[in-house]
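The following pair of complexes shares a single chain, chain A, combined with chain B in the former and chain C in the latter.
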Partner chain A sequence: MTEFSDAMSAAASGMRAQATRLRHVSENIANADTPGYRRKTVSFDAQVVQGRDTGAVETGPVRLDRTALARVHDPAHPLADADGFYDGSNVDLMVEVADAREASRSYEANLKMFDQVRQMSSALMDLLRK
Partner chain B sequence: MNGSLDIFRMAGAMARNAGARQAMIASNVANADTPGYSARHLRPFSETYGDTANVTARVTRPGHVDAGAAPAGRSDPSDAEPSPDGNTVSIETEMLEAVRAQGEHTRALAIYRHALGVLRTSLGGGR
Partner chain C sequence: MELGTSLVARQYAATRDATAPDPGTGRGLAGMAQDFATTLQQGEAAAMGAMTGRADPHAMVQALAQTELAVETAVTIRNKVVEAYQEILRMPV
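On to the complex of A and B.
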(Lines of atoms letter the chains of each structure in order from A and count residues from 1; the text may use other names and numbers.)
(Lines give C-alpha, C1' and ligand atoms only; values in the text may rest on other atoms or scores of the structure.)
Protein backbone atom coordinates (compact mmCIF):
# COMPACT_ATOMS: atom_id res chain seq x y z
CA MET A 1 0.00 0.00 0.00
CA THR A 2 2.85 2.38 0.80
CA GLU A 3 4.15 1.89 -2.75
CA PHE A 4 0.95 3.36 -4.11
CA SER A 5 1.16 6.44 -1.93
CA ASP A 6 4.85 6.79 -2.90
CA ALA A 7 3.93 6.51 -6.56
CA MET A 8 1.11 9.01 -6.20
CA SER A 9 3.28 11.54 -4.40
CA ALA A 10 6.01 11.12 -7.06
CA ALA A 11 3.48 11.70 -9.86
CA ALA A 12 2.01 14.67 -7.99
CA SER A 13 5.47 16.18 -7.50
CA GLY A 14 6.11 15.76 -11.23
CA MET A 15 2.88 17.57 -12.05
CA ARG A 16 3.72 20.35 -9.59
CA ALA A 17 7.19 20.79 -11.08
CA GLN A 18 5.86 20.92 -14.64
CA ALA A 19 3.18 23.40 -13.60
CA THR A 20 5.85 25.64 -12.03
CA ARG A 21 7.85 25.43 -15.24
CA LEU A 22 4.78 26.32 -17.28
CA ARG A 23 4.09 29.28 -15.00
CA HIS A 24 7.57 30.71 -15.61
CA VAL A 25 7.20 30.13 -19.35
CA SER A 26 3.95 32.11 -19.35
CA GLU A 27 5.62 34.91 -17.33
CA ASN A 28 8.39 35.00 -19.92
CA ILE A 29 5.95 35.15 -22.83
CA ALA A 30 3.90 37.86 -21.11
CA ASN A 31 7.07 39.93 -20.65
CA ALA A 32 8.52 39.28 -24.11
CA ASP A 33 8.27 42.99 -24.95
CA THR A 34 9.21 44.41 -21.55
CA PRO A 35 12.44 46.45 -21.86
CA GLY A 36 15.30 45.03 -19.79
CA TYR A 37 13.44 41.77 -18.90
CA ARG A 38 15.58 38.65 -18.49
CA ARG A 39 13.86 35.31 -19.03
CA LYS A 40 13.34 33.13 -15.96
CA THR A 41 14.45 29.52 -15.92
CA VAL A 42 13.72 26.87 -13.33
CA SER A 43 15.87 23.80 -12.59
CA PHE A 44 14.68 20.30 -11.70
CA ASP A 45 16.37 18.13 -9.07
CA ALA A 46 15.66 14.65 -7.75
CA GLN A 47 14.35 15.12 -4.23
CA VAL A 48 16.51 13.75 -1.41
CA VAL A 49 15.16 13.81 2.14
CA GLN A 50 17.61 12.95 4.95
CA GLY A 51 19.99 11.34 2.50
CA ARG A 52 17.30 9.08 1.09
CA ASP A 53 16.09 9.35 -2.47
CA THR A 54 12.31 9.79 -2.29
CA GLY A 55 11.76 9.35 -6.03
CA ALA A 56 9.98 12.67 -6.26
CA VAL A 57 11.15 15.72 -8.17
CA GLU A 58 11.48 19.27 -6.89
CA THR A 59 12.13 22.59 -8.54
CA GLY A 60 15.21 24.58 -7.65
CA PRO A 61 15.45 28.34 -7.26
CA VAL A 62 14.44 30.56 -10.18
CA ARG A 63 17.43 31.78 -12.18
CA LEU A 64 17.65 34.54 -14.70
CA ASP A 65 19.03 33.87 -18.14
CA ARG A 66 22.41 35.64 -18.41
CA THR A 67 22.45 36.01 -22.20
CA ALA A 68 22.76 39.54 -23.54
CA LEU A 69 19.61 41.59 -23.91
CA ALA A 70 18.47 42.38 -27.42
CA ARG A 71 19.42 45.88 -28.63
CA VAL A 72 16.37 47.40 -30.29
CA HIS A 73 16.70 50.41 -32.58
CA ASP A 74 13.82 52.85 -31.96
CA PRO A 75 14.84 56.50 -31.52
CA ALA A 76 11.25 57.44 -30.62
CA HIS A 77 11.24 55.11 -27.59
CA PRO A 78 11.38 56.90 -24.19
CA LEU A 79 14.23 54.60 -23.02
CA ALA A 80 16.34 55.06 -26.16
CA ASP A 81 19.90 56.25 -25.60
CA ALA A 82 21.84 58.80 -27.68
CA ASP A 83 22.29 56.31 -30.55
CA GLY A 84 18.58 55.46 -30.65
CA PHE A 85 18.93 51.98 -29.11
CA TYR A 86 17.29 50.55 -26.02
CA ASP A 87 17.60 47.18 -24.20
CA GLY A 88 14.77 44.80 -25.04
CA SER A 89 14.20 41.44 -23.34
CA ASN A 90 16.16 38.24 -24.04
CA VAL A 91 12.99 36.14 -24.42
CA ASP A 92 12.93 33.97 -27.54
CA LEU A 93 9.28 33.14 -28.21
CA MET A 94 10.09 29.98 -30.14
CA VAL A 95 12.14 28.59 -27.24
CA GLU A 96 9.34 29.44 -24.81
CA VAL A 97 6.65 27.79 -26.90
CA ALA A 98 8.77 24.65 -27.33
CA ASP A 99 9.39 24.59 -23.58
CA ALA A 100 5.66 24.96 -22.91
CA ARG A 101 4.87 22.05 -25.22
CA GLU A 102 7.40 19.82 -23.51
CA ALA A 103 6.10 20.77 -20.06
CA SER A 104 2.55 19.98 -21.09
CA ARG A 105 3.56 16.57 -22.49
CA SER A 106 5.44 15.69 -19.30
CA TYR A 107 2.46 16.84 -17.26
CA GLU A 108 0.21 14.50 -19.22
CA ALA A 109 2.60 11.59 -18.66
CA ASN A 110 2.56 12.24 -14.90
CA LEU A 111 -1.22 12.51 -14.90
CA LYS A 112 -1.46 9.18 -16.71
CA MET A 113 0.80 7.54 -14.13
CA PHE A 114 -1.32 9.00 -11.33
CA ASP A 115 -4.49 7.63 -12.89
CA GLN A 116 -2.95 4.21 -13.40
CA VAL A 117 -1.79 3.97 -9.79
CA ARG A 118 -5.22 5.10 -8.63
CA GLN A 119 -6.85 2.34 -10.69
CA MET A 120 -4.50 -0.24 -9.19
CA SER A 121 -5.18 0.81 -5.62
CA SER A 122 -8.94 0.90 -6.19
CA ALA A 123 -8.73 -2.64 -7.62
CA LEU A 124 -7.01 -3.64 -4.40
CA MET A 125 -9.79 -2.02 -2.41
CA ASP A 126 -12.41 -3.91 -4.43
CA LEU A 127 -10.88 -7.13 -3.13
CA LEU A 128 -11.76 -6.07 0.43
CA ARG A 129 -15.32 -5.31 -0.51
CA LYS A 130 -16.10 -8.91 -1.45
CA MET B 1 -5.11 -26.56 2.27
CA ASN B 2 -1.44 -25.71 2.23
CA GLY B 3 -1.52 -25.43 -1.53
CA SER B 4 -4.30 -22.89 -1.53
CA LEU B 5 -2.49 -20.78 1.09
CA ASP B 6 0.58 -20.87 -1.11
CA ILE B 7 -1.40 -19.44 -3.98
CA PHE B 8 -2.52 -16.53 -1.80
CA ARG B 9 1.06 -15.83 -0.80
CA MET B 10 2.22 -15.98 -4.39
CA ALA B 11 -0.58 -13.71 -5.65
CA GLY B 12 0.16 -11.26 -2.84
CA ALA B 13 3.87 -11.22 -3.71
CA MET B 14 3.07 -10.69 -7.38
CA ALA B 15 0.76 -7.76 -6.58
CA ARG B 16 3.38 -6.27 -4.24
CA ASN B 17 6.05 -6.58 -6.92
CA ALA B 18 3.78 -4.87 -9.46
CA GLY B 19 3.08 -2.07 -6.98
CA ALA B 20 6.78 -1.52 -6.24
CA ARG B 21 7.57 -1.48 -9.95
CA GLN B 22 4.79 1.02 -10.57
CA ALA B 23 6.18 3.29 -7.82
CA MET B 24 9.62 3.19 -9.43
CA ILE B 25 8.16 3.95 -12.87
CA ALA B 26 6.21 6.87 -11.38
CA SER B 27 9.41 8.36 -9.98
CA ASN B 28 11.15 7.84 -13.34
CA VAL B 29 8.35 9.70 -15.13
CA ALA B 30 8.38 12.46 -12.49
CA ASN B 31 12.12 12.86 -13.10
CA ALA B 32 11.84 12.69 -16.89
CA ASP B 33 13.24 16.23 -17.18
CA THR B 34 15.77 16.15 -14.33
CA PRO B 35 19.31 16.62 -15.64
CA GLY B 36 21.66 13.72 -14.92
CA TYR B 37 18.91 11.37 -13.70
CA SER B 38 19.24 7.74 -14.78
CA ALA B 39 16.16 5.55 -15.09
CA ARG B 40 15.73 2.76 -12.57
CA HIS B 41 13.78 -0.47 -12.92
CA LEU B 42 12.99 -3.37 -10.63
CA ARG B 43 13.30 -6.95 -11.79
CA PRO B 44 9.97 -8.42 -12.91
CA PHE B 45 8.20 -10.96 -10.72
CA SER B 46 8.98 -13.90 -13.02
CA GLU B 47 12.69 -13.32 -12.29
CA THR B 48 12.46 -12.70 -8.56
CA TYR B 49 9.95 -15.44 -7.70
CA GLY B 50 11.59 -18.27 -5.80
CA ASP B 51 14.82 -16.30 -5.63
CA THR B 52 16.06 -17.47 -2.23
CA ALA B 53 19.48 -15.88 -2.64
CA ASN B 54 17.85 -12.54 -1.93
CA VAL B 55 16.84 -13.16 1.70
CA THR B 56 17.07 -10.01 3.78
CA ALA B 57 18.13 -9.78 7.41
CA ARG B 58 15.64 -8.79 10.05
CA VAL B 59 16.01 -5.40 11.70
CA THR B 60 15.46 -5.65 15.45
CA ARG B 61 17.26 -2.53 16.65
CA PRO B 62 17.39 1.02 15.36
CA GLY B 63 21.17 0.73 14.92
CA HIS B 64 20.88 -2.07 12.37
CA VAL B 65 21.35 -1.38 8.73
CA ASP B 66 17.95 -1.78 7.11
CA ALA B 67 18.84 -3.70 3.98
CA GLY B 68 15.39 -4.94 3.14
CA ALA B 69 13.28 -1.82 3.58
CA ALA B 70 13.55 -0.20 0.19
CA PRO B 71 13.78 -2.43 -2.84
CA ALA B 72 17.01 -1.32 -4.44
CA GLY B 73 16.37 -0.14 -7.94
CA ARG B 74 18.62 -1.38 -10.66
CA SER B 75 19.79 1.38 -12.92
CA ASP B 76 20.20 0.31 -16.48
CA PRO B 77 22.73 2.40 -18.38
CA SER B 78 22.51 0.28 -21.51
CA ASP B 79 18.81 0.66 -22.17
CA ALA B 80 18.48 4.17 -23.52
CA GLU B 81 20.70 6.75 -25.08
CA PRO B 82 21.04 9.64 -22.62
CA SER B 83 19.73 13.00 -23.76
CA PRO B 84 22.19 15.93 -23.85
CA ASP B 85 21.50 16.75 -20.18
CA GLY B 86 22.42 13.19 -19.11
CA ASN B 87 18.87 11.97 -18.50
CA THR B 88 18.16 8.37 -19.56
CA VAL B 89 14.38 8.28 -18.96
CA SER B 90 12.38 7.40 -22.04
CA ILE B 91 8.69 8.21 -21.52
CA GLU B 92 7.62 5.60 -24.09
CA THR B 93 9.49 2.79 -22.34
CA GLU B 94 8.12 3.90 -18.99
CA MET B 95 4.54 3.93 -20.31
CA LEU B 96 5.00 0.42 -21.70
CA GLU B 97 6.42 -0.79 -18.40
CA ALA B 98 3.60 0.91 -16.48
CA VAL B 99 0.91 -0.81 -18.55
CA ARG B 100 2.71 -4.12 -18.09
CA ALA B 101 2.94 -3.64 -14.32
CA GLN B 102 -0.72 -2.69 -14.15
CA GLY B 103 -1.69 -5.81 -16.12
CA GLU B 104 0.37 -7.95 -13.80
CA HIS B 105 -1.29 -6.38 -10.78
CA THR B 106 -4.76 -7.00 -12.22
CA ARG B 107 -3.82 -10.59 -12.96
CA ALA B 108 -2.50 -11.14 -9.42
CA LEU B 109 -5.69 -9.73 -7.93
CA ALA B 110 -7.82 -11.92 -10.22
CA ILE B 111 -5.90 -15.00 -9.08
CA TYR B 112 -6.35 -13.93 -5.46
CA ARG B 113 -10.08 -13.37 -5.87
CA HIS B 114 -10.56 -16.66 -7.64
CA ALA B 115 -8.66 -18.59 -5.00
CA LEU B 116 -10.76 -16.86 -2.37
CA GLY B 117 -13.89 -18.06 -4.18
CA VAL B 118 -12.59 -21.62 -4.29
CA LEU B 119 -11.75 -21.49 -0.59
CA ARG B 120 -15.21 -20.17 0.26
CA THR B 121 -16.89 -22.84 -1.84
CA SER B 122 -14.84 -25.58 -0.17
CA LEU B 123 -15.86 -24.26 3.23
CA GLY B 124 -19.49 -24.50 2.19
CA GLY B 125 -20.16 -20.79 2.29
CA GLY B 126 -20.80 -20.45 -1.41
CA ARG B 127 -19.90 -17.29 -3.26
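On to the complex of A and C.
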Protein backbone atom coordinates (compact mmCIF):
# COMPACT_ATOMS: atom_id res chain seq x y z
CA MET A 1 0.00 0.00 0.00
CA THR A 2 2.86 2.37 0.76
CA GLU A 3 3.83 2.80 -2.92
CA PHE A 4 0.29 3.85 -3.73
CA SER A 5 0.03 6.25 -0.81
CA ASP A 6 3.46 7.76 -1.65
CA ALA A 7 2.36 8.29 -5.24
CA MET A 8 -0.85 9.90 -4.02
CA SER A 9 0.95 12.29 -1.69
CA ALA A 10 3.41 13.22 -4.49
CA ALA A 11 0.51 14.01 -6.83
CA ALA A 12 -1.26 15.99 -4.10
CA SER A 13 1.92 18.00 -3.44
CA GLY A 14 2.14 18.78 -7.17
CA MET A 15 -1.45 20.03 -7.16
CA ARG A 16 -0.76 22.15 -4.08
CA ALA A 17 2.35 23.66 -5.72
CA GLN A 18 0.49 24.50 -8.92
CA ALA A 19 -2.33 26.06 -6.89
CA THR A 20 0.23 28.28 -5.13
CA ARG A 21 1.69 29.26 -8.49
CA LEU A 22 -1.75 30.12 -9.81
CA ARG A 23 -2.38 32.24 -6.73
CA HIS A 24 0.72 34.33 -7.41
CA VAL A 25 -0.25 34.67 -11.07
CA SER A 26 -3.66 36.02 -10.08
CA GLU A 27 -2.02 38.42 -7.61
CA ASN A 28 0.19 39.68 -10.45
CA ILE A 29 -2.78 40.15 -12.78
CA ALA A 30 -4.77 41.91 -10.05
CA ASN A 31 -1.87 44.35 -9.53
CA ALA A 32 -1.08 44.87 -13.22
CA ASP A 33 -2.02 48.56 -12.92
CA THR A 34 -0.54 49.18 -9.47
CA PRO A 35 2.28 51.77 -9.69
CA GLY A 36 5.64 50.37 -8.55
CA TYR A 37 4.41 46.74 -8.35
CA ARG A 38 6.97 44.05 -9.19
CA ARG A 39 5.62 40.72 -10.37
CA LYS A 40 5.98 37.79 -7.97
CA THR A 41 7.56 34.52 -9.06
CA VAL A 42 7.73 31.31 -7.09
CA SER A 43 10.28 28.49 -7.41
CA PHE A 44 9.60 24.75 -7.13
CA ASP A 45 11.94 22.61 -5.02
CA ALA A 46 12.13 18.90 -4.31
CA GLN A 47 10.83 18.37 -0.78
CA VAL A 48 13.41 17.10 1.71
CA VAL A 49 12.26 15.96 5.15
CA GLN A 50 14.96 15.19 7.74
CA GLY A 51 17.62 14.88 5.05
CA ARG A 52 15.60 12.41 2.98
CA ASP A 53 14.09 13.14 -0.41
CA THR A 54 10.34 12.45 -0.17
CA GLY A 55 9.72 12.70 -3.92
CA ALA A 56 7.18 15.45 -3.37
CA VAL A 57 7.45 19.05 -4.59
CA GLU A 58 7.11 22.21 -2.54
CA THR A 59 7.14 25.88 -3.40
CA GLY A 60 10.11 27.96 -2.36
CA PRO A 61 10.10 31.57 -1.14
CA VAL A 62 8.40 34.22 -3.27
CA ARG A 63 10.84 36.30 -5.35
CA LEU A 64 10.23 39.63 -7.03
CA ASP A 65 10.99 40.08 -10.72
CA ARG A 66 13.93 42.51 -11.10
CA THR A 67 13.16 43.72 -14.61
CA ALA A 68 12.71 47.47 -14.97
CA LEU A 69 9.31 48.96 -14.18
CA ALA A 70 7.32 50.33 -17.10
CA ARG A 71 7.57 54.14 -17.55
CA VAL A 72 4.01 55.37 -18.08
CA HIS A 73 3.35 58.83 -19.49
CA ASP A 74 0.41 60.43 -17.68
CA PRO A 75 0.97 64.01 -16.54
CA ALA A 76 -2.38 64.03 -14.70
CA HIS A 77 -1.33 61.15 -12.44
CA PRO A 78 -0.58 62.11 -8.80
CA LEU A 79 2.73 60.15 -8.89
CA ALA A 80 3.92 61.70 -12.17
CA ASP A 81 7.31 63.45 -12.05
CA ALA A 82 8.35 66.69 -13.78
CA ASP A 83 8.45 64.99 -17.21
CA GLY A 84 4.94 63.56 -16.78
CA PHE A 85 6.12 59.94 -16.30
CA TYR A 86 5.52 57.57 -13.39
CA ASP A 87 6.69 53.99 -12.62
CA GLY A 88 4.02 51.44 -13.47
CA SER A 89 4.26 47.69 -12.75
CA ASN A 90 6.47 45.23 -14.62
CA VAL A 91 3.59 42.74 -15.09
CA ASP A 92 3.19 41.53 -18.67
CA LEU A 93 -0.34 40.18 -19.07
CA MET A 94 0.70 37.89 -21.92
CA VAL A 95 3.34 36.21 -19.73
CA GLU A 96 0.90 35.88 -16.83
CA VAL A 97 -1.82 34.30 -18.95
CA ALA A 98 0.68 31.84 -20.43
CA ASP A 99 1.91 31.01 -16.92
CA ALA A 100 -1.65 30.48 -15.71
CA ARG A 101 -2.37 28.17 -18.64
CA GLU A 102 0.77 26.16 -17.90
CA ALA A 103 -0.15 25.88 -14.20
CA SER A 104 -3.61 24.68 -15.17
CA ARG A 105 -2.26 22.00 -17.50
CA SER A 106 0.24 20.83 -14.91
CA TYR A 107 -2.54 20.69 -12.30
CA GLU A 108 -4.60 18.53 -14.63
CA ALA A 109 -1.66 16.16 -15.12
CA ASN A 110 -1.27 15.76 -11.36
CA LEU A 111 -5.02 15.24 -10.97
CA LYS A 112 -4.91 12.54 -13.62
CA MET A 113 -2.06 10.78 -11.83
CA PHE A 114 -3.97 10.93 -8.55
CA ASP A 115 -7.01 9.33 -10.14
CA GLN A 116 -4.84 6.75 -11.90
CA VAL A 117 -3.24 5.65 -8.62
CA ARG A 118 -6.67 5.40 -7.00
CA GLN A 119 -8.01 3.29 -9.84
CA MET A 120 -4.98 0.98 -9.79
CA SER A 121 -5.24 0.43 -6.06
CA SER A 122 -8.95 -0.20 -6.35
CA ALA A 123 -8.43 -2.64 -9.23
CA LEU A 124 -5.91 -4.57 -7.13
CA MET A 125 -8.52 -5.05 -4.40
CA ASP A 126 -11.08 -6.09 -7.02
CA LEU A 127 -8.99 -9.20 -7.62
CA LEU A 128 -9.99 -10.56 -4.21
CA ARG A 129 -13.67 -10.03 -4.87
CA LYS A 130 -15.84 -12.29 -6.94
CA MET B 1 -10.22 -53.06 15.69
CA GLU B 2 -11.41 -51.61 18.92
CA LEU B 3 -10.08 -48.30 20.10
CA GLY B 4 -9.59 -47.83 23.80
CA THR B 5 -10.53 -44.54 25.42
CA SER B 6 -6.99 -43.96 26.61
CA LEU B 7 -5.58 -44.51 23.10
CA VAL B 8 -7.98 -41.97 21.65
CA ALA B 9 -7.11 -39.49 24.39
CA ARG B 10 -3.39 -39.97 23.71
CA GLN B 11 -3.85 -39.47 19.96
CA TYR B 12 -5.85 -36.37 20.61
CA ALA B 13 -3.19 -34.98 22.92
CA ALA B 14 -0.49 -35.73 20.34
CA THR B 15 -2.26 -33.89 17.49
CA ARG B 16 -3.39 -30.93 19.55
CA ASP B 17 -0.08 -29.11 18.97
CA ALA B 18 -0.68 -29.07 15.22
CA THR B 19 -4.04 -27.34 15.57
CA ALA B 20 -2.98 -24.86 18.27
CA PRO B 21 -3.09 -21.23 17.14
CA ASP B 22 0.29 -19.76 16.22
CA PRO B 23 0.82 -16.56 18.23
CA GLY B 24 3.07 -15.18 15.47
CA THR B 25 0.39 -14.84 12.79
CA GLY B 26 -1.68 -12.32 14.75
CA ARG B 27 1.05 -9.68 14.97
CA GLY B 28 1.06 -8.70 11.29
CA LEU B 29 -2.71 -8.38 11.31
CA ALA B 30 -2.60 -6.29 14.49
CA GLY B 31 -0.09 -3.92 12.83
CA MET B 32 -2.31 -3.66 9.76
CA ALA B 33 -5.34 -2.89 11.92
CA GLN B 34 -3.31 -0.21 13.72
CA ASP B 35 -2.31 1.35 10.36
CA PHE B 36 -5.94 1.19 9.27
CA ALA B 37 -7.11 2.97 12.41
CA THR B 38 -4.41 5.64 12.02
CA THR B 39 -5.36 6.25 8.36
CA LEU B 40 -9.02 6.51 9.34
CA GLN B 41 -8.25 9.02 12.09
CA GLN B 42 -6.14 11.13 9.71
CA GLY B 43 -8.96 11.12 7.17
CA GLU B 44 -11.48 12.26 9.78
CA ALA B 45 -9.13 14.96 11.08
CA ALA B 46 -8.49 16.24 7.53
CA ALA B 47 -12.23 16.28 6.74
CA MET B 48 -12.99 18.23 9.91
CA GLY B 49 -10.10 20.60 9.23
CA ALA B 50 -11.29 21.28 5.68
CA MET B 51 -14.86 21.94 6.88
CA THR B 52 -13.63 24.49 9.42
CA GLY B 53 -11.20 26.04 6.94
CA ARG B 54 -7.99 24.91 8.62
CA ALA B 55 -6.70 22.34 6.08
CA ASP B 56 -6.36 22.91 2.35
CA PRO B 57 -8.67 20.92 0.04
CA HIS B 58 -5.74 18.96 -1.46
CA ALA B 59 -4.85 17.52 1.93
CA MET B 60 -8.50 16.62 2.52
CA VAL B 61 -8.91 14.89 -0.85
CA GLN B 62 -5.65 12.99 -0.35
CA ALA B 63 -6.56 11.86 3.18
CA LEU B 64 -10.09 10.84 2.17
CA ALA B 65 -8.86 8.91 -0.88
CA GLN B 66 -6.38 7.05 1.30
CA THR B 67 -9.10 6.36 3.86
CA GLU B 68 -11.36 5.06 1.11
CA LEU B 69 -8.65 2.68 -0.10
CA ALA B 70 -7.91 1.53 3.46
CA VAL B 71 -11.59 0.82 4.16
CA GLU B 72 -11.92 -0.99 0.84
CA THR B 73 -8.88 -3.14 1.67
CA ALA B 74 -10.16 -3.91 5.16
CA VAL B 75 -13.65 -4.84 3.93
CA THR B 76 -12.24 -7.06 1.16
CA ILE B 77 -9.96 -8.89 3.58
CA ARG B 78 -12.77 -9.29 6.13
CA ASN B 79 -15.05 -10.75 3.44
CA LYS B 80 -12.30 -13.17 2.45
CA VAL B 81 -11.75 -14.25 6.07
CA VAL B 82 -15.48 -14.74 6.70
CA GLU B 83 -15.75 -16.72 3.47
CA ALA B 84 -12.87 -18.99 4.52
CA TYR B 85 -14.44 -19.50 7.95
CA GLN B 86 -17.78 -20.49 6.40
CA GLU B 87 -15.95 -22.85 4.09
CA ILE B 88 -14.47 -24.56 7.17
CA LEU B 89 -17.91 -24.74 8.82
CA ARG B 90 -19.34 -26.44 5.73
CA MET B 91 -16.69 -29.15 5.89
CA PRO B 92 -18.34 -32.58 6.40
CA VAL B 93 -17.21 -34.07 9.71
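Throughout what follows, the second predicted complex is superposed on the first by the 126 of 130 C-alpha atoms of A that agree within 3 Å, B and C clash if a C-alpha of one lies under 4 Å from a C-alpha of the other, contacts with A are read in each partner's own complex, and residues count from 1 in each chain.
Basically, a contact is a pair of C-beta atoms (placed from the backbone, for glycine too) under 8 Å apart; a residue touches a chain by one contact, two chains touch by 3 or more.
Remember, predicted model here, so these are calculated numbers, not experimental data.
Q: Once chain A from each complex is brought into register, does chain C clash with chain B or fit beside it?
A: Fit - chain B and chain C, as placed by superposing on chain A, sit side by side.
Q: Examine A:19 and indicate which partner it touches, taking first as chain B and second as chain C; both and neither are also allowed.
A: So A:19 only meets chain C here.
Q: Let me test your reading of the model: by the given contact rule, A:92 touches which partner, first (chain B), second (chain C), both or neither?
A: Touch status of A:92: no partner.
Q: Looking at chain A, does chain B or chain C touch a larger number of its residues?
A: B
Q: Touch test for A:4: chain B only (first), chain C only (second), both, or neither?
A: both
Q: Just chain B (first), just chain C (second), both, or neither: which does A:122 touch?
A: In the superposition, A:122 touches chain C alone.
Q: So if I put the vertex at the Cα centre of chain A, how wide is the angle out to the Cα centres of chain B and chain C? Nearest 10 degrees is fine.
A: In the superposed model, the angle at chain A is 40 degrees.
Q: Which partner chains sit in contact with A:27 here, chain B, chain C, both or neither? Use first/second/both/neither.
A: Touch partners of A:27: none, neither chain B nor chain C.
Q: Looking at the superposed set of three chains, what is the minimum CA distance between chain B and chain C in Å?
A: The answer for the closest chain B-chain C C-alpha pair is 7 Å.
Q: Under the contact rule defined above, give the chain A residues that sit at the interface with chain B and also at the interface with chain C.
A: Touching chain B in the first complex and chain C in the second, residues 1, 4, 8, 114 of chain A appear in both lists.
Q: Write out the stretch or stretches of chain A touching chain C in their complex.
A: For this pair, the touching residues of chain A are 1, 4-5, 8-9, 12, 15-16, 19, 114, 118, 121-122, 125, 128-129.
Q: For chain B, which residues are in contact with chain A within the complex?
A: Per the stated touch rule, the residues are 15-16, 18-20, 22-27, 29-35, 37, 70, 91, 94-95, 98-99, 102, 105-106, 109, 112-113, 116.
Q: Can you check the complex and tell me which residues of chain A touch chain B?
A: Per the stated touch rule, the residues are 1, 3-4, 6-8, 10-11, 13-14, 17-18, 21, 43-46, 52, 54-57, 102, 105-106, 109-110, 112-114, 116-117, 119-120, 123-124, 126-127, 130.
Q: Residues of chain C touching chain A in their complex?
A: Touch list, chain C to chain A: 56, 58-59, 61-62, 65-66, 68-70, 72-73, 76-77, 79-80.
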